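These are the structures in question, set out in turn.
Look for chain A in each of the two complexes below; its partner is chain B in the first and chain C in the second.
On to the complex of A and B.
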């Protein structure tokens, strides 16, 4: 190949060859990065789908509580922690909370001054926690302020030079501090709009949201917050904010969470700049009506427990607002429409083709096409839609012919090096300018290879964890299954749209006969867990509801102590069986309650709770015995 | 008869390959609407084991792009790729040649290349690298201590057939 007449010719050929090989190498790396990205996204969205499915369970419970004997109605009201109207003032006795001398954190004084926000910034950089008394007071003041705000906030660049718009932060304090460092703190010269999803997933949601609210109180004219789909107490139960609050505030956590719930539901849902640029967290739908949205009472949508599955418009929200029950039909229709409108704003994603379809990926909101965007912008004389809600590798992305911008501000969202964060600035001419960044734990520059490898490892681990919990709930008799079956089962139960056959080599070994060794998947995951005896059908159903069970447990466990009482357990089991459509008599439940190994004071912890749902089922244990008998016969026969 | 067996053979070939093509395509179908960005075509080709030149890629792209939308739809991608496969248009390059290639550039036969030398070749000859590509290559393959590129060590990385 290289025996060319000129040495120049042969060096050129050599160069071309090396270049092609290198490009191929980089392409393969990019491929792996893509797969990894898909894994992360699938897991994330599947989780959110489960979340919205839980809401249908709640709706079912609401519909059917009268059919349950015993303390049905009380349990329901207990479970749902229902709508104490956030407009009303909860009793907040923050001034009765004593702050000890030994507390070295910030002592805020209201109304807040720059000294207070500076104190908060230093404290959080030093890993300090703000005392519960000040958190409560801050939230109380924030609530008062938000009540005065409209649903859609209108801003004008004639008062500012440039407005900075940031996307999802998800509890990433480092990213927020980096933005403030690069772009400046909120002030008259540097106004901000934060477009939702301040909490959940990241470990410093409390600090992030406290800072945002503090600046909001300090500069209500220069600091603007939109509600995101994670500013929702049901989402917080699932995605970590509730846990974080309870861990940091053991005594006053519940009170704090109640106030957060109120504050979240009072956040504005949209911001408009110069009547030309619309900023919402998720997106829009073909039903979005900005005038209608301006007029509704947004605080009535406290959380997605008021939802129903996409594509099904139910008219059964009688129980949610009892005071409206006398206007049943009319008001119900109105409420349904209101909820839909808000959900669309907080949950929708743009798509490439025209049209508007239900967002089955997320389980709520819509996929909206360029024509929907065009129509809405035209209708209201707007020129641009800025939204967040989706992680982008570069921190931002245009779509719909430049009419939609997605802005995402949590860098390394999935893994170190997975993506940049970004914010966008708009001046008077309303031309967007983007600023990207990436928080890094290491100062050394990582190569693409290293980053891909790290992200890949992380994704596979996350996937294995999913498989592991699936495995706990199901067990196939022989531990061997064909690759095809394995892929089918995973697709249907986990509902993760991933290339399972391609991923197989990383997840499980093949036996010499070509079948898949199920257990090989979990060899590096720790000591063997004894497997329960369940048949596939119940097991699948249980797995599907596993996270529901966890959330239900957390809801019943009012003080978040990790324990519930036997009586509460009995009620929940009855409810759950009713939902699954499984008949079960009281004596069986009592047997179960007695057979669980709980501690002396009659409490159950979550592991025992899950065990109960898994182990007992009269029919199933019979089936299992039958199967084992048949297997035995097969082997000997 | 011969016709039938030929088409049958082609069908069998297609089913296995089809899955592979579909997999590669779907990895870049971020909106799940059966389209991929044309910028990703090179990556898809390489991941399937082909070695097109930049010129080859441009030609392919212009033939299958959806009316200059910047996207390629699966329906046009598949037949074009099948053709590429059956005609073996971009055959792989043997990895032994890679070693020879480096040796040609290593005029003094030292066993390594200096970063400036490699940069000179890669950015000025053949189908030149962009600055970004060059930076990434140097970061990845330059020995930390000696600041040289020991190509014999680099080659296994480039040619490793990792399944994913």
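On to the complex of A and C.
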């Protein structure tokens, strides 16, 4: 008995020791998970700040309108080309497009039947692409349908058992298929509301949005779509949808994109259930007026190039149009107000404190507090606001004392294992029930540790790319700084609110004297192709604003050929750098233009040019090959 | 003289041994003012950085809840027991854990105290501890037995915590090589 007491005692000691170490281990894992999340979110929001930069560049362009006018290519009209009214019927000759016998994908017949949607589902599961002819026809029919819809769609649970509401999908076909698998396809028994952001970021935006539109056409009474802030052609230029369409549809891509633009602007902006539950993509502001929103012509807002930076609204507009008639100004003030109302709905985020402030991170909309929610709900006799727009770790989140639900349906949004997706179901009693899921990329189940490690690796890599663009320009002579200085500089230059000191071990080495070896951050990184001969100033600008420049070039490149003329390049570049306040003399720009006109034919392949300013990770090529291999296996497997 | 009372075996077995006492048993309440801070300024900056990561207040007030305190200390690399944490927090009530807050200046002496404590448990201690369960003396322990111990003894772990810990550690026979296991736990 004495022996067993001793061994019990040592079992106890052993247990406590293991438990202590386990708790330490979990706390450290949690910290890694937390800063990984912060990194992804900060970078995402910083990207959206850059979008703000772009919008203000367009403002700047308008300001300089008279200077450019008559001086070479009319960039202004190119960039800010008044959009063809989406209400008008665009010329679509889809029926003239020949579908070859060799095409084995779905051949849709309109009006659509269940056979068509089933064909689409299995085709997309098999990695097939829908032929351009059917895409165009589908979009054309969708546009016709949407024109008949009001801005705010009212639903009643007296017709349905339960309504399912899904959030952002962002081109994640796997998540959509998983939802359909778990919850059922759209039907009279299973009505759906999809709350915007169907496209961008994910690689299957085309397939996702085609499926949603197909079900919309099939069951217009049971399928409801709200517009999100990514249903917008300017956003699509930055976040990947435009590129995806052009890659999948080389011949008809432009036409398809134009129709998408029309369809997006015709999507309803809100759904109300039983007069009690409001569903919008982003949120609300203290100016939100649902009656006003019901009455406007929503299709007039096609893209955020019509927007101005928050906080600089009406004044700026008047300033821009100072040369035009006062009547025009008056009309435009009204349009401006309309734009603001829609932008608020599509872009706003809830915050914890009371009040309403401009949403500077996003570049549009507001941060709205619980008091704003309360007031709006009361005003319209509502009891709940359901919105999406923000990624949540569990796929959903309550805030504002349970009056606001965020629902997000793209699992693993930042990285494999980063978050779950969710959808919410509402029955007659209007009590929300949540269903969560997570798409898994590998068939082998990853442990928590493996998931955290993978996500962390991905986050750190993205962060280092940000650092690299900054490094090119700073050229610190000694290459050594104190940790304190390093953290301060990064914080101010990158404007990313992150725990730099905690991240430091992953980013830079310490020298024996405790100072930071600056270059050690970037040993395994380099530019995509050898840098053209440029001054450091120019290099920095090109690195940092690479995405913006790409967007501008894409806008100029109307026929999506990948080429722009040297003159266009020069003009744009000059303007952009003037706007940024970066002093770059004309000869530097000319040299640059000439050096990148690789075949000396007066036109520039800007994709190739920008390749130089993409950051690659030198040790990565093996990883990349492995990833590609895994992707390939996943497709066939 | 009354006869000596014979010692009879008590009808009920004595209670199981108490959980281990905090590092400094029988001292009065923890007094933060008695702690001398020995951290370097660099270390303090590092702690502040991590503290901010845990700060969930809406206006970034640099405060954390009592419940987060243990997690933060562990995230910074220490491995106190739950009892030690409760001790330095002044043995708060369960309902206070999520409502009472600590700011950074209050956190420092608490953290310092934990850092100074001896007997952290080395690799060898750990291995020795696990050797207790090595019935066959062959460097492995039965996963099932370890799970049982962790869930029933000491500062008990929940089933999902045990599962988390043991994920992918057992071989086909349900055995764990404990040296490897210890290395895994002690790695960051």
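Keep in mind that, in the parts below, the second predicted complex is superposed on the first by the 489 of 637 C-alpha atoms of A that agree within 3 Å, B and C clash if a C-alpha of one lies under 4 Å from a C-alpha of the other, contacts with A are read in each partner's own complex, and residues count from 1 in each chain.
By definition in this document, a contact is a pair of C-beta atoms (placed from the backbone, for glycine too) under 8 Å apart; a residue touches a chain by one contact, two chains touch by 3 or more.
Computed from a predicted structure; not experimentally measured.
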Chain B versus chain C as contact partner of A:484, first or second or both or neither: second
Partner chain(s) touched by A:27 [first = chain B, second = chain C, both, neither]: both
Partner chain(s) touched by A:352 [first = chain B, second = chain C, both, neither]: both
Touching partner for A:514 - first (chain B), second (chain C), both, neither: second
Partner chain in contact with A:9 - chain B first, chain C second, else both or neither: second
Contacts of A:506 with chain B and chain C, given as first, second, both or neither: first
Set of chain A residues, in rising order, touched by both chain B and chain C: 10-28, 30-31, 34-35, 38, 351-353, 447-449, 499, 501-502
Interfacial residue positions of chain A with respect to chain C in the complex: 5, 7-28, 30-31, 34-35, 38, 351-353, 447-449, 483-484, 487, 499-502, 514
Chain B contact footprint on chain A (complex, rising order): 1-2, 10-28, 30-32, 34-35, 38, 351-353, 361, 445, 447-449, 456, 497, 499, 501-502, 505-506
Contact footprint of chain A on chain C as seen in their complex: 16-17, 19-20, 42, 45-46, 48-50, 52-54, 58-59, 70-75, 77-82, 121, 125-126, 128-130, 132-133, 146, 149-150, 153-157, 161, 164-165, 167-168, 185-186, 188
Chain A-touching residues of chain B, taken from the complex the two chains share: 19, 23-24, 26-28, 31-33, 35, 42-47, 51, 53, 71, 93, 95, 97-98, 100-102, 104-105, 121-122, 125-129, 133, 136-137, 139-140, 157-159, 162-164
